[in-house]
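We just call them A, B, C, D, E and F in the order they show up, numbering each chain from 1.
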Amino acid sequence: MKSDIELISSEGKRLDGRGPHDLRKIKIEAGVLHRADGSCSLEWGGNKVIAAVYGPREAVPRHTQNPLRAIVQARYNMAAFSVEDRKRPGPDRRSVEISKVISEALEKVVLTEQFPRASIDVSIEVLDAEAGTRCAGLTAAGVALVDAGIPMRDIPVACAAGKIGGQVVLDLGKEEDNFGDADLPVAISPRTGEVLLLQMDGHLTVDEFNQAFDLAVKGCHTVSEIQKKAIMQKYQSAAAEVQE
Amino acid sequence: MTIVPIIKRDYITKLAEQGKRIDGRSFDQYRNIEIETKVVNKAEGSARVKIGHTQVLVGIKIDLGEPFADSPNMGVLSTTAELIPMASPDFESGPPREDAIELARVVDRGVRESQVVDVEKLVITPGEKVWIVFIDIHILDYDGNLFDAASLGALAALSTATIPAKRFSEQLPEDYPKEDFPLPMSEPPISCTAVKINDFVFFDPCFDEEIIADVRLTVATDNNGDIRAMQKGLSGSFTKEEIQKVIKGALDNGQEIRKQLNQSTGK
Amino acid sequence: MKSDIELISSEGKRLDGRGPHDLRKIKIEAGVLHRADGSCSLEWGGNKVIAAVYGPREAVPRHTQNPLRAIVQARYNMAAFSVEDRKRPGPDRRSVEISKVISEALEKVVLTEQFPRASIDVSIEVLDAEAGTRCAGLTAAGVALVDAGIPMRDIPVACAAGKIGGQVVLDLGKEEDNFGDADLPVAISPRTGEVLLLQMDGHLTVDEFNQAFDLAVKGCHTVSEIQKKAIMQKYQSAAAEVQE
Amino acid sequence: MTIVPIIKRDYITKLAEQGKRIDGRSFDQYRNIEIETKVVNKAEGSARVKIGHTQVLVGIKIDLGEPFADSPNMGVLSTTAELIPMASPDFESGPPREDAIELARVVDRGVRESQVVDVEKLVITPGEKVWIVFIDIHILDYDGNLFDAASLGALAALSTATIPAKRFSEQLPEDYPKEDFPLPMSEPPISCTAVKINDFVFFDPCFDEEIIADVRLTVATDNNGDIRAMQKGLSGSFTKEEIQKVIKGALDNGQEIRKQLNQSTGK
Amino acid sequence: MKSDIELISSEGKRLDGRGPHDLRKIKIEAGVLHRADGSCSLEWGGNKVIAAVYGPREAVPRHTQNPLRAIVQARYNMAAFSVEDRKRPGPDRRSVEISKVISEALEKVVLTEQFPRASIDVSIEVLDAEAGTRCAGLTAAGVALVDAGIPMRDIPVACAAGKIGGQVVLDLGKEEDNFGDADLPVAISPRTGEVLLLQMDGHLTVDEFNQAFDLAVKGCHTVSEIQKKAIMQKYQSAAAEVQE
Amino acid sequence: MTIVPIIKRDYITKLAEQGKRIDGRSFDQYRNIEIETKVVNKAEGSARVKIGHTQVLVGIKIDLGEPFADSPNMGVLSTTAELIPMASPDFESGPPREDAIELARVVDRGVRESQVVDVEKLVITPGEKVWIVFIDIHILDYDGNLFDAASLGALAALSTATIPAKRFSEQLPEDYPKEDFPLPMSEPPISCTAVKINDFVFFDPCFDEEIIADVRLTVATDNNGDIRAMQKGLSGSFTKEEIQKVIKGALDNGQEIRKQLNQSTGK
């Protein structure tokens, strides 16, 4: 979809004032829920998501059990009020697909072989949506998994790059997503650089793809640091409470 | 349904015989209540309510639509409750269970029957075009007493909601205002819930109390001390005296909660 | 919803000629179906309902079983043709809620501890609906349970009171329900007076509530006598058949 | 599916070899039939039909609506059957099973294909507004032979139904009559059903016969002795001779049942 | 539904040039799919169907199992694009009924007693629909069952007769089905003549029924020969491949 | 999910270490592809695509309808995929599973985002009436690599589809052409899929390779050598180098497949 909006100025300034390689503001808090085994609240620009983790616990129905390892079942859900035009409650085709690609990405880093027949259930609720909810949701899920004490090889993290007005940029905003040329969400295991999630819509030359990919991975590493700080903070305040 | 260890029931009733509850409250005392409004940007109104660890987020979306054929001079209210799997290890994904339906219907009646939203002021063109108010209740953390948390969340979210007349200006009649304005509301009744375990009546049950409760009663009362709605739940029974006791506690707690609600919504 | 209709005259006469404390006409017949373990047909004013009971039998699906006692599963259903504007067949949110509160009310009086893992299934079909179907359905279910030989502490019975034109009255009719001030359906165990079902919509002072509640309980006792007569009649005619 | 004791099958076939049925009827004899009309006040037409212990209640609701795009000059008929859990220990709650769907479709074809309702007379404004006739079949008690009971119930309910022109008067064109009038009907075909067990053909099977039956055949015949619909069911087979035998029995029984139907509907 | 179209001329010539007792053109090919245990592709006039067979295999869910014999579960499905006005994907009431009568017809000829607790699953996809798809589907299923090596008493086969313009004719085409007087689909076991499927819509005298029935059975026998040729051809080419 | 014998995995990886695949292909080689168009008469466009034993049938239906509110100047595309039980012993009947949904959405994006169908030319009256193009994917035989087969089938079917203006002539505006005309299409991108098993990357996986694959990547490339869509699947991971390898293979294979597609659709 083309538009007359100039998404990026000749000086490389974007609609919200960011430069091409700037992330939107991100705020992460671990351990925000009482009943869940682990949880995380995350704000990323205008996005607001909460992730909760339950498990490992027996997978039900039984026929979903894998005798050799745990399954990871993420459920990405958008609240009816999270978008401008009210969304019907419950899963739609989009959320089923996103739940699937997030589940697959998380399964790679969880040490599933330690929990045969178990399920690790990740619930991702999008309360405010403004471009990039799958990256926000996966990133929050990573923190919630740590908070739940699930053994993992690494903390998974996601960030998108894209192309607007002919330029490769980091972390598309709302209008950039609607009227830009391409969107490339990427999730990685930051320790190894392995790619856990990769989707692309739009139009990129091979060179642009390489640029955008590198930029997204760099973004992932930045977000990874914010994740770790949130986890540290939770443990420090927990430790402080114990000392008191 | 979880088979609750008899030991936990014993513990709770033994404490009760000594006049105590597991978290140290008195029998008719509520847990700490927090009300935060305007927490979701995309919603026309929203509130996050915590009662102890129980946490509910309610978002209001307002859309244009047609009135029901049998009430051409009234706007439409629609309430849904999602017991999302996030909130409890026992909630599964999928279509609303009967608990979610009962919850949504009780909140809905609390709003509808008490006429807290002035639905006649939601009419744009009688019989043709009205505002539809969607109340979506998201249970984030379930530690008992969803009825009160959800009702309070709905009221707080409604109280701060605005009619998005600006966004829909092109679809509105010429002489209709085109600026956003507050949802027309009147003084809301407050829902208070108690459960009975053996012969003890506990207000604002936490999760551990709720799952062993014999019977539950929710009473909504207004600022005049009148009763605006009641709902008995679970397969136990009440005596008339117990019902009167719950009404009294609901009136007392309701006054306190109403003050806090008005404060948080700036009314 | 207000209306210009005068629901009750200054002499206390209601639209259908009843006084404030009068019930509509009630007719109960036990044992009207062949296949069901117990059944009851009930007419209450313009309402016509049938209740059938099956069980105790193994609860399915298995995960609904309670190892310590039977569950009581009532299913309240309105026939498509039971209301002026045709109702879509199948359960809606209203019928799910009514099924739940009736199930809970019945469970209290059935000696469920005698039948671990079992289900007692109560099917309530509303064929003609005219205000008060939940009370009519619960009352019919009580008789059907007796007819099925289900061991019970008591025969549950229901009746509503309400407020119209500023006055507390018994057993609201159609217009009274639509345009009245409050409706208070109550179900009790008549032997003990225990309250099994209680709902209230509308606006009552605490004093009015007490009046209405007492009136509803009185109504329950009157209906309870009609229930017992219907049961007696069934057994007498059964006995007569045996003698013949 | 219930695993039927072989012993019951043996018993029924042994009786059959002696020319007998378990309830004493002859092979082509129907159980006692009762037809009662106007049994539901809210419905535009209704009937309760008993064939032996089998009991069916059919209600007709008539509403305004649009015709189908490919038949602008015809009203609409819609038939549903609910095998409600009340009727049998084997019927579960929930969405219509294939048996309920087959039943509804066979009754529907019996009404539709035989043109017993004059759908052209249900047109109010061609291509725009027609009467929609909903036939809702409630099975209350299932002791075999639902096809005949449901068909007969539908015919009896339709025969006594009135078009609620008065209630809808405000939505009708000016020159359209505003008084209720009878649903326009013609002479209905009657459905008769037989089953085969071993080589014996039984008309109007009761439940015990039906569940061990090999194969079933329903034949609808009209007043002229013509065939208007047929439906074979179950996983057995018929020979041509057996089919002809069923047709003959359907003609004979159909005449009797038609008389009773006309009597009960006052036609 | 009446129409002004003359479906059959006074010389007995039908809209597509056929005489009263002529079948439309039929083409059958066995073994057209790789994964299925047996399969068949069939064209019958403008109809195009594929049938696939899986089994015998354990029937799921378990409560559908019969401890004494296999169940035959046919699923008749119309592709969304098989009709002029797009059909919503998934089963509707019509396809549920047709699936049922086809399942019942096939069950009679399969030696189900050889496979207790098993299911034999028959999948019938209608890709192009033009009157007579249930006969086409059942006929294709018969060949697919043979191709899957399912033990059977006989190869079931179906064909319809009907009445148009007052005359009894074989194998109704599209307009004949829409505007004709009666349609009589019949399936038989050709060795014994047993009738496996029989439905009739419309209006026939008893004499006309007998004529139409005999004509349909004759049609079945003709189609049966085409089925057998298709099966032979498959085995010959299979044998030829082995020899090569 | 089938528990795949470890033995099969061992066999495939051992072969791979010798540079071989189970069916003798090289690592980046496709199986034989057959494309046949206009295979269904009732559809406005159709194609049957075989990649090895995998067989997909795609039908296009085109209907009149309303545009989405937020895109009044565009026609509508709607894609569904049915993994019908015919195609595999593992596919069950019923509502679309997540695999079918992912498949439909990936094909849909391939068509939509690449703007291969000129949706602006599907507008009849802006904001009111547009052509709706339904792409229905029927999986007939599943031997691996559904993404490529389904995408190719959709493109082939679309490329030969005609707008049924004649059939809908009465519902079209006066000045709109009344003769059927080809669906307006531009040069399509081609989807190519590879999987990784251990550290080996196989293009066009067959069923046995696919079910033991660690991770999957689909890349759609256009005639200019640009990337138009990507989708990673399964719970393994890729390195950047592996991704680049798959892009290269997708470009090479894409060129070949594009030639074959153009040939078969006469373009």
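Assume contacts are C-beta pairs under 8 Å (C-beta built on N, C-alpha and C of every residue); 3 or more make two chains touch, one makes a residue touch a chain.
The structure presented is a predicted model; accordingly, all values stated were derived computationally and were not measured.
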**Study point:** Co-neighbours of subunit F and subunit E - touch as defined
**Key:** none
Study note, to complete from the structure: Separation of subunit A from subunit F in touching-chain steps, minimised, is 1
Review point. Comparing residue numbers, which of A-F, A-B or B-C shares more than half of the contact pairs of E-F?
Key: A-B
Study note, to complete from the structure: Chain centres from averaged Cα atoms put subunit B and subunit F apart, in whole Å, by 48
Review point. Just how far, in Å, is the C-alpha centre of subunit E from the one of subunit A?
Key: 52
Practice item. Find the geometric centre of each of subunit D and subunit E from their Cα atoms only, then give the gap between the two centres in Å, rounded to an integer. Key: 27
Practice item. Would you mind listing the residues of subunit F that make contact with two or more other chains? Key: none
Point to revise | subunit E residues counted as touching two or more neighbouring chains | key: none
Review point. Given which chains touch which, is the overall layout a line, a ring, a star, complete, or other?
Key: ring
Practice item. Can I get the ring sequence of chains, opening with subunit A and turning toward subunit B? Key: A, B, C, D, E, F
**Study point:** Touching residues on subunit B, where the partner in the complex is subunit A
**Key:** 39-43, 46, 53, 55, 57, 59-61, 63, 80, 82, 84-89, 93, 95, 134, 136, 138, 140-143, 167, 207
Review point. Can you name the residues of subunit E that touch subunit D in the complex?
Key: 1, 66-68, 72, 93-94, 96-97, 99-101, 103-105, 107-108, 184, 189, 193-206, 209-210, 213, 217
Exercise for review: Mind listing the subunit B positions that touch subunit C in their complex?
Suggested key: 1, 3, 71, 98, 101-102, 104-105, 109, 113-114, 217, 225-240, 243-244, 247, 251
Review point. What residues on subunit A touch subunit B, complex-wise?
Key: 33-36, 39, 46, 48, 50, 52, 54, 57, 75, 77, 79-86, 89-91, 121, 123, 125, 127-130
